[in-house]
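Heads up, the next two complexes both have chain A, just with different partners, chain B and then chain C.
Showing the complex of A and B:
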């Protein structure tokens, strides 16, 4: 028996609670927010349907079947709807003119019935109806959603990179650099934003790339201001002093220590920015300055639908409902995330650890 | 350290005014450069013109001069309030086109802003005072709808419901003898709703917060009546976030007029701008940008003034770093 073994073994301390990452805290809070969770599910569904559109058994979104123009939404094959519509039209005409059908009209209808029976194109089902050129609206809606969502995401990513980087630098550096960056932001804020985008689109031509560029160009301003404010609030915090004392370079302090601490605000802003971009893109497409045919986006579909809404209201309602649903879900998710990530309401010290 | 005028208010006005003028100048310069640098002149895509005619057209619009000279000429004309001839509408100057288009846009925009402000603040305050009542839930549900539904979805739906299916209101156009002011209703309603919703939501949140503060408790303890507490004490503190929302809201309403005027065929500045952009009518685009920028800058200036009015602590005298 050695003396060492004789020493009393110190009692094991109470086991510490396992460390909880900020992300886990946020996730737990978000799960309590029912609307936000439902929105998350809805958004996942949108993403799956729109981004997976090429894998779905859809009719090509640009293919025109002129015989199928302006068909209403239906679960029946297009041929049956078409035949029923034509018969009803003829009956109405005959009743108005009070005469029996002429042989020519009868052969026409019989010919259509034969074509419907034989041609496989008439077996198509248009769940959301067709547009004026006989294109499947469901397919156009999903492919249009692809463009809208993609622009929303790309714009947000660009805005986050630019806004976070410039905002962090301005906030940490202060002095002349801060003044130059923030004056620039002020000036760009003074621009009538969408008018500038309209000019850009008109001058540099309409393409999806230009559209994305125009939208992203002026989008980082708010985020830049917000991040700068956050960084200014944090730059005298102890963990920054500690990092500096340990010899960390300014770049390391900004991007390893300060930026991650503003992440909550950034994520909330990002969720609220996606719908903004989608609205901006759709706004331009609505005015005829965005994506051009045969490509579609939610905005251009709403514009096309609005032009014929009196006769074929489903062409407006489909895209309008799809787009509004997405924006709703995005806004609810943003609200939920704000509650979940707000550093002020987060219990337990996460900062400065 | 102190130089210049003595009154802090005057100093604030001067400083803000100078900085806004600088912003305006830069915006105008930027727009000018953007337009001159763009590929393809205003007469490029037309049918092939004989070179001598093209040269004479370019001379007429001073396009044969160097860019710096064009810029100086442009600034000089601008100082006289002259925005030059329209490239597209041959017989009109940009001044005339804008003068005709401004009143409808201003009417719609000002009415929408006023209604959104008054309606939103009242609705938000009522919802906060009756928290968790049916009124609160209805108002907030309405607010979410207003925020999520874009203008260009709302507009056609309104038009479909109130003008086409049920011909209660005119579908399009502007005030005339036959229909009177009825043409105003749909555009203004469309433009108002999103901002009314945003303001109502903000007001509710901030009134709820102020209601819990000490000074409101003190006011109540003094025995002030509830309307006095709400109107004089709560609202004054609660309106600050609403005020800072007004800047972006004004910008939104400015661009919103573009959509609303397109949907309801109002002969306003928004529609003129879109037409100008599509037609590459450079002088007209410049004119529109300048008018929009001036309006935006003025609104932001008013918002800044409002801060000092609502919260004396912000004080215009303090020398901000």
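Showing the complex of A and C:
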């Protein structure tokens, strides 16, 4: 035994690692997920631009400059684009009719050139062009993003509050309470959504608030079902029995012990729900049930742009690309979160690179 | 009845006050399953004095875990009949709120698998202070101080830093220590330990058992130690009860029962334990057959299909429990009631 005694005793243990919460573990995993991380950056950019829209040097999103209708995107001042567009139009017309420009057309063009030179409004730059009323599309895109993202978040927050609370209660309580809550969910699910929204709009008028309400009304149903399922799965977990053996009340068990354990699923679900609500809002806006002018949302911008996409494709392209980018980023983030929060799914994510 | 503990270094305090801490009478737990009614606990009588350590032994499915949950009023969706008196109070007739006051405070439980018995999303400290704040009304800071103390008593090094960690940062043994700290936080009068060591490394098992014994001894806590390991019982328990198919088939002070087991099932259990003190003297003997499922038990000795000494009457009637003296009781037809 002497050689053993001669060995240094591994007495002093390593310094204790700091507390690592499950959330911190998930975050570390998420950081290894490139697409999710890129999405996160993109989303941060969106948030910054949309939230900071009032601080940016944008033209007011509702201001109409009728002279600037349907201008294409350009880095040049609006006047120059306007002049070039008019000249090109005229030349096209003259070539078609095979005649020289009339004196009236000449003076019109010269007058426009003078106005462009003198009026400061023509020095505006429209990076994304303008719409049919001469409103700045970039400005409308960012302000529209505010409303779209807000609706997405609001629907999600309502879903989280209502869906998680009711789902947890139904799942844990079981029995009559479960039946009542879940049949209620079934009934709401069964309602024809569009009809409900149309009736709501007809009854209370079209406003952003009513749109929020319409989206929030049914937003929590799916999450309620999902959380209920999770809670039923966890209800007989040993730590729940342990909490009961400790004398914890049902409310305490549900909201302190069970809900945090379903948080992973909830977070993933929430990220995937935001796009869903934005889509719902777009759909309503597309049908003319959404926000009303001069307010804009991505949906209403896409709807307006789609109407004229053959003549002025940029009016559709801008909002469509912005919205698609956002939805993509949300979905990739959701995927990344699912990988990060579920230790079982390693494929494609952190380790499968 | 003087329970003479065997294998203990310290002597127990005399069981003075007449009223037992826990008295269970004809406890039955039934579950409705797809295959029929399952009698998980089929009429158990039990007495536990203050500070006594009872070993509850049996195979998987013998109903020992269900029994322990029933003692806490925690049987999920089962029909529980019979009586449980805890400190003279009828547990089964208690209001849920009153029961919650007892749980964690006067009766605590330690679970088998420390990996799953701790909430993975809460800090260790939170899970211990929760009990303290719930039952002792301690403030945040006081509860934290106390929890650190408890963790230290449970043999966790650097508790003031460990307390903020999460369960996944603890080893199995440490988690069980944390659970012991949690269970004993309020100084309960009864601790139910459901196989507290069977999910742990052998090297840790003895430490955990010592810890439970030490801490409950100093708190005067009575313990029901549920196990399938007879070695654990021999080392840690004053009395022992052997369960089979939801019934207690033999009970008594640990020493006498080990020296002279009466029930063929107990004899089989003891023969199936490897012993180092009798090298090569005996082979290990397995008990043939499977324990019954508890569905539709016939009114006969449930052990008779596996019993080597089966009598005709074993197939016809349930043996009553016979007192062999000295607290040693057995339910077997081999020992007819003395007239």
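Structure notes:
Please note the rule applied: the second predicted complex is superposed on the first by the 317 of 353 C-alpha atoms of A that agree within 3 Å, B and C clash if a C-alpha of one lies under 4 Å from a C-alpha of the other, contacts with A are read in each partner's own complex, and residues count from 1 in each chain.
Just so we're on the same page, a residue touches a chain if its C-beta (ideal position, glycine included) is under 8 Å from a C-beta of that chain, and two chains touch if they have at least 3 such contacts.
As the structure is a computational prediction, the values presented were derived from the model and not from experiment.
Once chain A is used to superpose the two complexes, chain B occupies space next to chain C without a clash.
Applying the stated contact rule after C-alpha superposition, one finds that A:248 touches chain C and leaves chain B untouched. In the superposition on chain A, A:310 makes contact with chain B only, while chain C stays out of contact range. Partner contacting the larger number of chain A residues, of chain B and chain C: B. Shared-chain residue A:288: touches chain B; no touch with chain C. Contacts of A:327 after superposition: chain B is touched, whereas chain C is not reached.
Shared-chain residue A:111: touches no atom of chain B or chain C.
Shared-chain residue A:233: touches no atom of chain B or chain C. When the two complexes are laid on top of each other via chain A, the two nearest Cα atoms from chain B and chain C are 9 angstrom apart. The intersection of chain A residues touching chain B with those touching chain C, taken from the two complexes, is empty. The residues of chain C lying in touch with chain A in their complex are 69, 72, 74, 76, 100-105, 108-109, 111-113, 116-123, 130-131, 134-135, 157-158, 161-162, 164-166, 168-169, 179, 182. If you check the complex, the residues on chain A that touch chain B are 186-187, 190-196, 198-204, 275, 279, 282-283, 286-289, 299, 302-303, 305-306, 309-310, 313, 316, 320, 323-324, 327-328, 331-332.
Every residue of chain A that touches chain C in the complex is listed here, in rising order: 13, 16-17, 19-22, 25, 236-239, 241-249, 256-257, 260-261, 263. By the touch rule above, chain B contacts chain A in their complex via residues 19, 23-24, 26-27, 30-31, 34-35, 38-40, 144, 147-153, 155-157, 159-160, 164, 251, 254-255, 258-259, 262-263, 273-274, 277-278, 280, 285, 288-289, 292-293, 296-297, 300.
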